[in-house]
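We call the chains A, B, C, D, E and F, going by the order they appear; numbering starts again at 1 in every chain.
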Amino acid sequence: MRKKVTETRLYRTEMNDKILNSGFKEFNKFFALDTNEYQKGAIEVKNKELMGLVGSMVLRCNDCIFYHLDRCVTEGCSRQELYEAMHISLVIGGSIVIPHLRYAFEVLEELIPA
Amino acid sequence: MRKKVTETRLYRTEMNDKILNSGFKEFNKFFALDTNEYQKGAIEVKNKELMGLVGSMVLRCNDCIFYHLDRCVTEGCSRQELYEAMHISLVIGGSIVIPHLRYAFEVLEELIPA
Amino acid sequence: MRKKVTETRLYRTEMNDKILNSGFKEFNKFFALDTNEYQKGAIEVKNKELMGLVGSMVLRCNDCIFYHLDRCVTEGCSRQELYEAMHISLVIGGSIVIPHLRYAFEVLEELIPA
Amino acid sequence: MRKKVTETRLYRTEMNDKILNSGFKEFNKFFALDTNEYQKGAIEVKNKELMGLVGSMVLRCNDCIFYHLDRCVTEGCSRQELYEAMHISLVIGGSIVIPHLRYAFEVLEELIPA
Amino acid sequence: MRKKVTETRLYRTEMNDKILNSGFKEFNKFFALDTNEYQKGAIEVKNKELMGLVGSMVLRCNDCIFYHLDRCVTEGCSRQELYEAMHISLVIGGSIVIPHLRYAFEVLEELIPA
Amino acid sequence: MRKKVTETRLYRTEMNDKILNSGFKEFNKFFALDTNEYQKGAIEVKNKELMGLVGSMVLRCNDCIFYHLDRCVTEGCSRQELYEAMHISLVIGGSIVIPHLRYAFEVLEELIPA
């Protein structure tokens, strides 16, 4: 019933392309800023992505949770690290975060099959 | 004009004591949960505190920003690491986060004198 | 088009089971805290569930609205009581709550057939 | 996969009718207030609808974004005006608004075919 | 350091008067709607005020918390009832609500001296 | 009791300078983006500032409300236009916006003496 990981990635890429090709260049500047912030710096990429995950969960944005989970797995985060970041989000954001925790578990089932 | 770091810490401790001594034990359980989540695990304490900082900034809670900045400095975060986490928060949360960035800079001036 | 009440309940139970059986015990502690808070106390269960409904509506969380509506009906809330709590949420949270009011009406149609 | 514009409009009208015919008159008062606020005043209708769009995007409410985009197009907003209002929302609200920008682009494709 | 209860009430009354006497009548309509919603109905006034308190705490609005605490005490809520409603808010909204719990305790000290 | 307009402007300028001179150039890029978005385009500056005001009020950020009110007055917005934009914010965001309406009235008293 939920969209597959591949479909979600595809939708995301297609719509981003439309935004970036709209001719309104200010969108491109914001997207560049957004991409750059997760590059390696004093904080390693993996931890930046976990921070992106926490920000997305407490703000309760499923599309953002999807993206950062996907990136976290690519960067080699362990299941334990993901659970810890998800739990920090749960305690900061409260029970209102639980539906997004369910979503994260669904996505994770497909990203890291047991 | 802003309260000093020592005053903020004191206010926090005093009020927490009142809550924890109110006789309503459910508050104590939540506070215990909150304290435990930043203990060392697969993610090191320093990075958990940076995650707490990101969560606090995107949710725009100055008291929470104060607490996690204070903890981050105690855990040895460098100025560069703090700036990177603050910038991630700014891009995720948008210009609405800027007033909280100003607050974070004020607190940091006192926590890490130049 | 919307998922049926029985499907929503099932999805919820299944995903909660996965979270509670993930082996990460901190999730279980938070869920226990969450379940306990709606037990009878000085405030009767029915009114606690109505408070949960108000909290869910102003924070605009459909899954949480579903759960508390379902519990409210089980606890014997009348349609009038539900409307009053929904209206309080609407005035506190503003027109941004209207889409969630539509959702609540959809769910209610199935929970309390006219 | 997303609902068509005509379906979204229909769902909206049907559910609003149910709310307005529920017999709970306080809902009708709020809806009247909500409708009146976008009437012509010192600010012209088109700009009020663009303000409604900004409010909806920064609060991340797709149903509200749909409604105000639909109204903006009816009131004769140009694509450039819509992009500028959407960009203001993006900078105020941050990257967490991006999924709603994607949604707005999808809706716009149908409302203003290229 | 925090404003006294009497000062807070006074500021509130003075500013509301200015808004209601601004000549912009739409403000008066909204304020009337807001006042009416807490009148007795199927839900008794005391419980409506507790719902207002929960809505205010999860949305993290100190001025609103002040107002509903003040009204709750006037309506005869016991300390236990207030704690239960505050705890529901804490679990729904998460640790980000804690600074507002501290504020509520400060106000309560003055409203219900031990 | 509230800070004067001149003090608020000064604090803002001083802290922004500290952020922009911190040596962390990513902050400067975001601030540039933020400043540019309110330049004249298809939407005139005055209306962009009113949109900034609406975004700030529904997100309940007093510092942002201050800034956009100040800019709106500089750009020649009438009291009636400001009230209409503030009322749109109130209806979208609900009674939780009222404390920020009070703040806006306080600032306005100083920016546009009666």
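Criterion: a contact is a pair of C-beta atoms (placed from the backbone, for glycine too) under 8 Å apart; a residue touches a chain by one contact, two chains touch by 3 or more.
Just so it is clear, the structure is predicted and the values come from calculations on it, not from any experiment.
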I need the common contact partners of chain A and chain F, sorted by label. B, C, D, E
What rotation angle takes the CA atoms of chain B onto those of chain D? Round to the nearest 5 degrees. 180
Given that chain D and chain F are copies and touch, would you call their interface same or different according to whether over half of its residue numbers are shared? same
If you average the CA atoms of chain A and of chain B, how many Å lie between those two points? 23
Can you work out the whole-Å distance between the CA centroids of chain A and chain D? 26
Centre-of-Cα separation between chain E and chain A, whole angstrom: 36
Which positions in chain F are in touch with at least two other chains? 26, 30, 33-34, 37, 55-56, 58-59, 64, 80, 87, 90-93, 95-96
Chain B touches which residues of chain E in the complex? 1, 60, 80, 83-84, 87, 90-91, 95-96, 98-99, 101-102, 105-106, 109
Footprint of chain F on chain E - complex, ascending: 3, 11-12, 15-16, 18-19, 22, 24, 26-27, 30-31, 34, 55-56, 59, 61-64
In the complex, the residues of chain C that touch chain E are 33-34, 37-38, 41-43, 47-48, 50-52, 54-56, 58-59, 64, 78, 80-81, 84-85, 87-89, 91-93
Residue positions on chain A within touch of chain E in the complex are 58, 90-97
What residues on chain E touch chain D, complex-wise? 26, 29-30, 33, 36-37
